[in-house]
Amino acid sequence: MSSTFGTAVRLSIFGESHSAAIGCAVDGLPAGIAVDVARLQAFLDRRAPGRDATATARREADAPRFLSGIVNGRTTGTPLAAVIENANTRSSDYDELRRIPRPGHADFPAQVRYRGYQDVAGGGHFSGRLTAPLCVAGGIALQALEAAGVTVVAHIAELGPERIADEPLDPLSIDAAQQRSILAHSLPCVSAQAADAMRARIMAAKNDLDSVGGIIECAAYGLPAGIGDPMFDGIENRIAQIAFGIPAVKGVEFGAGFGAARLTGSRNNDAFRMEDGRVRPQANHAGGILGGITDGMPVIWRMAVKPTPSIGRAQQSVDLAAGANAELKVRGRHDPCIVPRAVPVAEAACAFALLDALVEAGAYPAAPPADAAAATALKSARFGGAGH
Amino acid sequence: MSSTFGTAVRLSIFGESHSAAIGCAVDGLPAGIAVDVARLQAFLDRRAPGRDATATARREADAPRFLSGIVNGRTTGTPLAAVIENANTRSSDYDELRRIPRPGHADFPAQVRYRGYQDVAGGGHFSGRLTAPLCVAGGIALQALEAAGVTVVAHIAELGPERIADEPLDPLSIDAAQQRSILAHSLPCVSAQAADAMRARIMAAKNDLDSVGGIIECAAYGLPAGIGDPMFDGIENRIAQIAFGIPAVKGVEFGAGFGAARLTGSRNNDAFRMEDGRVRPQANHAGGILGGITDGMPVIWRMAVKPTPSIGRAQQSVDLAAGANAELKVRGRHDPCIVPRAVPVAEAACAFALLDALVEAGAYPAAPPADAAAATALKSARFGGAGH
Amino acid sequence: MSSTFGTAVRLSIFGESHSAAIGCAVDGLPAGIAVDVARLQAFLDRRAPGRDATATARREADAPRFLSGIVNGRTTGTPLAAVIENANTRSSDYDELRRIPRPGHADFPAQVRYRGYQDVAGGGHFSGRLTAPLCVAGGIALQALEAAGVTVVAHIAELGPERIADEPLDPLSIDAAQQRSILAHSLPCVSAQAADAMRARIMAAKNDLDSVGGIIECAAYGLPAGIGDPMFDGIENRIAQIAFGIPAVKGVEFGAGFGAARLTGSRNNDAFRMEDGRVRPQANHAGGILGGITDGMPVIWRMAVKPTPSIGRAQQSVDLAAGANAELKVRGRHDPCIVPRAVPVAEAACAFALLDALVEAGAYPAAPPADAAAATALKSARFGGAGH
Amino acid sequence: MSSTFGTAVRLSIFGESHSAAIGCAVDGLPAGIAVDVARLQAFLDRRAPGRDATATARREADAPRFLSGIVNGRTTGTPLAAVIENANTRSSDYDELRRIPRPGHADFPAQVRYRGYQDVAGGGHFSGRLTAPLCVAGGIALQALEAAGVTVVAHIAELGPERIADEPLDPLSIDAAQQRSILAHSLPCVSAQAADAMRARIMAAKNDLDSVGGIIECAAYGLPAGIGDPMFDGIENRIAQIAFGIPAVKGVEFGAGFGAARLTGSRNNDAFRMEDGRVRPQANHAGGILGGITDGMPVIWRMAVKPTPSIGRAQQSVDLAAGANAELKVRGRHDPCIVPRAVPVAEAACAFALLDALVEAGAYPAAPPADAAAATALKSARFGGAGH
């Protein structure tokens, strides 16, 4: 299922870059979750284009319209649907792309996969614009997690060929100052200097008609231990499955990640100690996950974002209609670096995967009965056979 | 997953009776299926309320707006989404229902399941109105099947306590005259007399502030043999899973169905003979399905539809807020019999389940390449390693 | 997925009638469920062949060997696997069936579906023998449900063309005397006379080289209200999906079922009253399910079992290898009526579907910590970020 | 679902390190795939312990017994099941682990997740031994892919803190000499020198009572373009989901992977050219995947394997029963480096994911009819309604 994710809470994303609208349906959300639409919009604005010279010139409000699943500011428990209208489309920019696939884009494999019937305009269903409904669903998941004591934070850990690096997130416990810094700086970095240096590097790529990539680090603080499953449905598998659904992601790692392969076991193992009657690991090379299951430490992971493939420079491609080589200069509006806008997307993806895992584990707290009628109904829940 | 159906083609339905809109997302539709929107609308009109004195007074166009997944009248292969606005809502009719659950409705179990946060207005997500998006998805499936030589037909086989019966559908091969009759008569029946008698019975129930149920028979002609799977994913399992998703359905049977339990094996077995070099069963007690797999005969099934639970008569219920017994007279607009409007819903459900099974089996024919560019791309599909 | 069922608790069945062994893997069982192997064996013996002159002469112990998932008599929470060796196979009986498909069997559609590679011996994967691993998984589910206060009971409600009828199960609350009678009589019936009459009818069919079918009724007592989901994942959908996985089942109905279509709404609606501060329906035409969700009354359903297609009489078929008509007399050992042996299978299927629904709803009670070490670990479960 | 993977071809793995047996059920394999058991055994032997001084002293044949799904050396199309008996178990080695969780292992989160009922012996279901049934399923997938022109190869790309590096696999087309070298050397490396250096490093870790990790690179040659889906079900998502199911994997990347984040777009984009009338990328930074869909180039990916957490040195842990700090020296037999044995596991995981994707896409070639009877049946497949 291309555009469906989740087990207990299931997300279905639809839309194309230049279709009438894009949106999502979310089935299985627990009933009674409070959704603060203003905070959700503020979250979505972190992803939205057009805020800054480093991003595409396309400007849209990206305001979701909720069609169902919310009554009086709380989830009903039945499917939630939201759509975002595609107000600002310029399809004529893209006509050439039906014939001449862009290097590094899905244009060519999509031609094979969909036999030429795919929506080509703006990248169609492969567009980064489809991360907007992911952020709607994930933004609600972030609020749901917060209500359960879980906070998800991401930042740009590294950017560009020069490997401009930010401070890492605290791997042991949440640092509220880091959170505030990330939201305050010119790019989502803990360090203001790193943010400014990254911003300059992106502008240089823009001037160069080129693009740069980077690495995003994301942490979830406050998760209980014991969430997730062994083998194919562990927390790593779930986060990786949703994260590789974000366009341009080419790598995902947890805790020490690829670096763990370069440590000895005696260095990489996180020792346990008792603290206040509870078990607590003393380090977090595991990224909060052992055997696919949370160990109570923060879940920490990173994703590698490739440089935006749409660049202004001339590139070698082919003219499929003519069956001949061709040169391509990608026109239209494109980000020289997608990494800053992908930071809230990483948070959204992580939050959705974790909410799904918590609900599946029966570990998401139930809302209190909505009113006296519901309380009576719940009290009646078991009135079955003899003796029960 | 409450509102998600399908394996290779996946339907996600959202909306509540009185939410902003209802709709569906369909993921996995093959690319290049022609969708005739006018024919789809004509199909939807067969389900829509307000056409006739036997149905609810609520009148709405039920015109879907396609948000994505269709370009130039053909499916793109990426998720298709459609919404129907809920223009005509009268939520004040339903306020009482939060406290006093209607007998025969989901009101009470929904209070328990959703802890009082469910949308109560108009039955919320449990409303028969949710069959509209099912008919959008199923109406597209009907067109897709037709392009592959499969025709789905349904009618009212029986109605009311008097068991007013229509002629059965031809179990061996499609009868175009039956199809035309069903669409021409005052209710969807092969026999005009049966249609008129059923119509009179429904009007009598209405006058009586009561309701009646019935049995719908549905056949799919032209399916190839070999589709479906043993055990839990057979054609029977799939149709039953989607059919029990239609509100008020309380029974599903295939071929001779419950009647098969009253035959001897020598009567119930369908003999095989060779005809024109091909194997052909000589009867169709099996309803076209043996071991969960199509045998090449028409798939025939029936579903029992209970009488509409919303009736004007006084009924015994409880006041959940007060924790006391109460009397309820259901107000609002309700059909005295849902059966006629459920006939196209049965066709839609059957078509969707069969399209999903055909696609999963790799038996749905691929569309030709859309243009010369697509043809070149498809020719390039295998250019891999040495020797391949 | 042909042979996989379930959402939170997932059953995968494997094996063929005459393969080395048959068995099942069950993933997602809650940890700590006590499994009484002797009681499980007693349950399996109710399904096993060879107990009685009404059943096939094939005699096997049908004793499962547990490969994993149980330690010290309790489930571990990781996948449980069990196999039953196929000791007594006589494959030469079936060689002819590769060429001459048996009417009423899956032989012919299986030839198409599997292109001739399927295991033909004894019906292969389509054999009723595959209900043995379903009964292993379902027998464990029955014990798990019992620990949660839920009891599942089934009996033969009706048998044969003469419609020999048993007393119905109590639709309002469990009747322990009924349960005892069903286990005590010559066939699983509440009434001894019905059991004896049915038994005589089966013997008559045997003498006649023919077969008979019947209807099985099954009830689950003690389920809480609020379990299940609307639309496609309701309790009806789930039970229907697993029940149609039992060979020879051609119809499934809930509560008043097809009979509901012949009632008026005022008769079919189950009134609510307060009893001891709790809501309680006053009748059970709904079969304990409204809108797909349990209403707290017993879940009652029936399944129609067709007459065994393997009969000793000459039947018309075709010789696929010769491409010509042929006459077939089925040899080998076959039951003249599968209905009695299908009674525990119905209980197993129902129990598995309900356990899955309870676990998915987070409504299955957690086992206490196994020991002091587990208690410390559970106490440590939340030691995450600041303030949590 | 912890131990289930796949969409069209579904794998269910069961067993614990010291349970009676371990094994797998595979549902959805196309019918008619030839399975060469001797070649499969040779593949399994590459993973098996006890071959070499670098691996654990536990010696077992790891010979699967096929219970179902294969007749006359070909898959039947119905579920295939295989078990491997656990002959050589020494459970007493592990009793202490119930109380004292090993750092870096799943012992502690498993205590929380399973409330103390999990099988502790040998790591239970979390043991690397569970990769044996994954290799049975994947080994069959490798043979199935080979019949479709797809070859999967893996090697150790890097090992240890010193980053001992092997030659990379050819990213553009298969190199048969590389394949032969990998199988011939002392460890699975293209370069004999790299193999010997890595082997020396592992022996040093063993002598040091410590362990080392590494990075495995895997390539699939010969895949057609157009396989996979956008967003959450792309080839990257699928391979990542199964690869993170292999114990000790902490990172997965495709093509240039994390390195892509350090390239400019003009460097990372793979140009297209026409060659012999077909489109062909000129480089493979994408690892054969664009937008989740194969582009016809080799699929190349890497996984990071952490150092084995079981080490002989004293480590800090806790005694859960006593609620106090404790020191742990892991006894029993453990590999100082799991990387060499994980190489065939990576091949198996990759092959299974790709076979699943090919079958789901309808792109796996159907086997010819098994015999004349099957040919007649297939010719009869469509004999439905008028005109079809």
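All chains are identified by letter, namely A, B, C and D, in their written order; residue positions are counted from 1 within each chain.
Convention: contacts are C-beta pairs under 8 Å (C-beta built on N, C-alpha and C of every residue); 3 or more make two chains touch, one makes a residue touch a chain.
It should be emphasised that the depicted structure is a prediction, and the values quoted were computed from it without experimental measurement.
Asker: Name the chain pair with more contacting C-beta pairs, choosing from B-D and B-C.
Answerer: So, comparing the two chain pairs, more contacts are at B-C.
Asker: Can you work out the whole-Å distance between the CA centroids of chain B and chain D?
Answerer: 42
Asker: If you average the CA atoms of chain B and of chain C, how far apart do the two points sit, in angstrom?
Answerer: The mean C-alpha positions of chain B and chain C differ by 27 Å.
Asker: Mind pulling the residue numbers of chain C that touch at least two other chains?
Answerer: 1-4, 13, 78, 101, 108, 112-113, 125, 224-226, 230, 277, 279, 296, 320, 323, 376-378, 380-381
Asker: If each chain is a dot and touching chains are joined, what shape do you get: line, ring, star, complete or other?
Answerer: Looks like everything touches everything, fully connected.
Asker: Which stretch or stretches of chain D touch chain B in the complex?
Answerer: 8, 78, 149-151, 173-174, 176, 221-226, 230, 275, 277-280, 296-298, 360, 362, 376-388
Asker: Note which residues of chain C are touching chain B in the complex, please.
Answerer: Touching chain B from chain C are residues 1-5, 7, 13, 101, 103-106, 108-110, 112-113, 125-126, 130, 158, 160-161, 163, 205, 208, 210-215, 224-234, 236-237, 240-242, 244-245, 247, 249-274, 277, 279, 281-282, 285-287, 290-296, 304-311, 313, 315-318, 320, 323-325.
Asker: Under the stated contact criterion, what part of chain D meets chain C in this complex?
Answerer: That would be residues 1-4, 10, 12-16, 19-23, 25, 27-28, 31-32, 65-69, 71, 74-81, 83, 98-99, 108, 111-119, 124-125, 320-321, 323, 366-378, 380-381 of chain D.
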